[in-house]
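The structures come next, written out as structure tokens.
Shared chain: chain A. Partners: chain B in the first complex, chain C in the second.
Up next, the complex of A and B:
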């Protein structure tokens, strides 16, 4: 269903990664950064659909959706419009949904809370690890920080642990971060660390000229590529505009829309 | 590409034909959402129908002017008129006294036109013309019946006592409590007493919290406590049929915390006072004298959809019509000579180009 010409797909070049690096290097870390004016959630929806869609060569993808931001019904409604039934996928055990809306770590038990939470994720990954591609999606890290009462260090530790799953099981990790939160104050290193750990950084920004009907914002995709150099978009920065619709998103280069 | 375009356009649903809810004060919106009125007809229209049930609405206050109170008052009054339970928390000693300042409904339109028939005949034509312009809004107002989705409020008259006495109104003071756990508990208790959504909705609740992080509260310096409080309110409200309406002085918290709050909000509004004697602005905007302040709409709730709501304008002027009812209008730029045509009009607090409309 994914149009092969989609600029986002090109920029991500996930397909290329899958076809030629089946061996040692499987997992990826994708970071989606957004701000108050433009939500980057649509990228996540796109990726959920992409990893769950049946016409992908390997239908043994499993998605772990860790949702701090929205209830299941919200994702379900959106993905249904995009042609992907999350309820059915959940029954098929291809989608594992972690409803984290109410997660709260007590003041003195932040670490324990996160360890238990990580344990859940690890268990789920281990159960599904045999011959399957697992994608862990976290929506979003900024809310995870709130849930842990601002203990950024613990959140970082947690993210590092999640990254070990990438090396151990070849999981792909996709996470959303609200970047503008950290633009002031002393927390500015946090997004930098996240960017450093990410293989692909997708940044959703509003247009400088303001809101428009036809262009909802611009995406900047930085694909670091891998050392093996097989990826065609190694170290390249892609920049394009997008317009979000109910069932899809149009991507186009600035000014190329008639 | 072209064919897919056609397909998507035919896919879009017609919103206007959505059936109106049988429960007064609620109406169905797109994507299986339900709206609840803000108490200001213009704001409802701008937001596409009102506040989503289950949404967290946050208002960024202007520390110099109490315009957020206008929004808060109409929000609460509208709830009382629809017999919806209201929960109110404020940093005052006696929050219940605030209920006395809520506005009453304006006398119905027919009465008004009877009264003012002679004196404003010429005005009335213009007024009606305007009414027909806004015809695409769903007409839920039943003229003769008592069930109106959104009432007009007379800000000069206090609400009838029986409406306060006859409804479930809970008032909590934010002053005494050293931690937010107590308020959270009373909120969750309030929400748990609302009837659950089971196919047909019967009633909705309103939570109004005024000046949430004001410095006189004891928890003022505990930024993360406040954040997790808002987050838990958000998730509690999301799973119940209520709307939480929180005003906060954004300039009093650190910028990063303020950003986090803005991210947490489903619908984000900001009010701003306009200086009394700003000559430059006065020449730039028509109707400057009547303006109370500016309202910017920074974020509109996006439930069950990923498509952002793009408004025609993000900044509106708040005006008092005949000194009693609150209306919102687009900013109209007066014709100016080239020399003074600076971009001053966009100082309304939003980066959007839509701030000034011609």
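Up next, the complex of A and C:
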């Protein structure tokens, strides 16, 4: 169990959450917000690896990867470099891959499409729900919105239903959102809605000071804890820089690398 | 002050008046609306369960949290959940607000039952039909208190979800129907104000006799993360209470969150505490005891006119023939009760003070 802890792990403190929780009350909603200059995909890769790594804990973890953005081979290639074989995990039924690249809802049947889609997810969750921690990852919400012909209302309804899986089955939900495509001014409150639903918000942003060779961006992790749960509400903000390397990512505090 | 709000909700409405109503609003920079909501809900619940309030029961309409959460909350706050069906009804608009799960179940796609059976939870499967929602709420309330003159309270968490499913005007219509109903004693709701236009918040504030506004402590847009972090542990609550005659009383209070419990401190008490807590932190003793004060009063300062008849000798820094010793005794008095100042020169090397201008070598 000697996993090297990184700043990201510390900031998420998922372990602490797991050990404190009781019964079906566990589960978290993690929101990753990124922008064009700094993609947050590496956070997702990190989390996939983390939840699939064999020595994590005694209880089984199952990951549901709902991919709107990339095909399976893409994730497989990246995770293989990081030391995690997705093909094998898929055969073990520890990874369930939903290929949603082709999902398109007809104009008049957006809701029906989403209901069927949600049904598939809940079915998968039900099958695996006994004694297993289920993590649902959605990459990414913005493309889900494209698939529903830009109907934010339906996406929000869908996300609400996913949220009920958290309370009912104790699933952890991880979702990626491209923040910069929503203009903040005129009533586009979609990212805000997502933030209200989230327990942990991870923001990937470029450095304020501009581009740098050794630093690829900064992560701001806001760990609200579960404010509406009965764990300690943490209210912690972590801020650190990162550098993406060939098969790993370095996390470090600002100024600690020259 | 939060307690003042709870008291007003407890006292309810007079005969023939609208029900007392409260808007709790927050924003994403200080997202403690739900916690304030829980606080007011549990306070009011304890009034209701002990029979101290005008209303005899409470109907909770929950959109954003599951009914099991409400049960857990009451258990954590020391309520007897087994007896709660006497005064509590939960209308569950969270588990299946649009009937998706029911449709899927009918098709056989999913199997899990929607909720565990519980005597005081009813499920709403179509929140878009607000007329039905009103009649369900009223039916639940009447089921609690009967058809007579007894009254009940309503709590809605949250309006933001409700508006998302329907429209501002229909939600406003629902609230005004509830408010004007003769059997509703008090009603409060939660609103995430930054999810809506200004007009939405304003519309609901007009309809409420009290507004509790949750705000962050520091509003400046700062990059200082430790300052920002404080906003997720503490905040302030602005409350405005409208009187019948139209007077509006505005109150302000600070709160801090610890272990999902909320603690309120009034501003005045806090400032006092700050003033007191600053003093002991200084290493020096800034206060004098009575004895020290009387001793100080007795000290005769060198420039004071002594009025003893003796010629005063004050060391003025110049070497005089008469006094060669290092110790200059400025004053000697027979009565030992008086203080005296004794000057020790550090060494002979020390240049005595002089009247010379220390800057006279400068060419100013």
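Everything that follows uses one rule, which is that the second predicted complex is superposed on the first by the 237 of 258 C-alpha atoms of A that agree within 3 Å, B and C clash if a C-alpha of one lies under 4 Å from a C-alpha of the other, contacts with A are read in each partner's own complex, and residues count from 1 in each chain.
By definition in this document, contacts are C-beta pairs under 8 Å (C-beta built on N, C-alpha and C of every residue); 3 or more make two chains touch, one makes a residue touch a chain.
Note that the structure is predicted; figures quoted are calculated from it, not measured.
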Which of chain B and chain C A:118 touches, first, second, both or neither: second
Chain B versus chain C as contact partner of A:92, first or second or both or neither: neither
Contacts of A:211 with chain B and chain C, given as first, second, both or neither: first
Which superposed partner A:104 touches (first chain B, second chain C, both, neither): first
First, second, both or neither for A:142, with chain B first and chain C second: first
Which of chain B and chain C A:224 touches, first, second, both or neither: second
Contacts on chain A seen with chain B and repeated with chain C across the two complexes: 187
Chain C contact footprint on chain A (complex, rising order): 25, 111, 115-116, 118-120, 122-123, 126, 153, 156-157, 160-161, 164, 167-168, 187, 189, 192-193, 195-196, 208, 220, 222, 224, 227-237, 239
Parts of chain A lying in touch with chain B, wherever the complex brings them together: 36-39, 41-42, 45, 71, 73-74, 77-78, 81, 101-102, 104, 142-143, 146-147, 149-150, 178, 180-185, 187, 206, 209-213, 216, 244-248
Contacting residues of chain C [partner chain A, same complex]: 28, 31-32, 34-35, 65-66, 68-69, 72, 76, 94-98, 100-101, 103-104, 107, 109-112, 161, 164, 192, 194-197, 223, 225, 228-229, 232-233, 257, 259-260
Contacting residues of chain B [partner chain A, same complex]: 4, 8, 11-12, 31-32, 223-225, 227-228, 231-232, 235, 238-239, 254-256, 259-260, 262-264, 268, 298-299, 302-308, 310-311, 314, 351-354
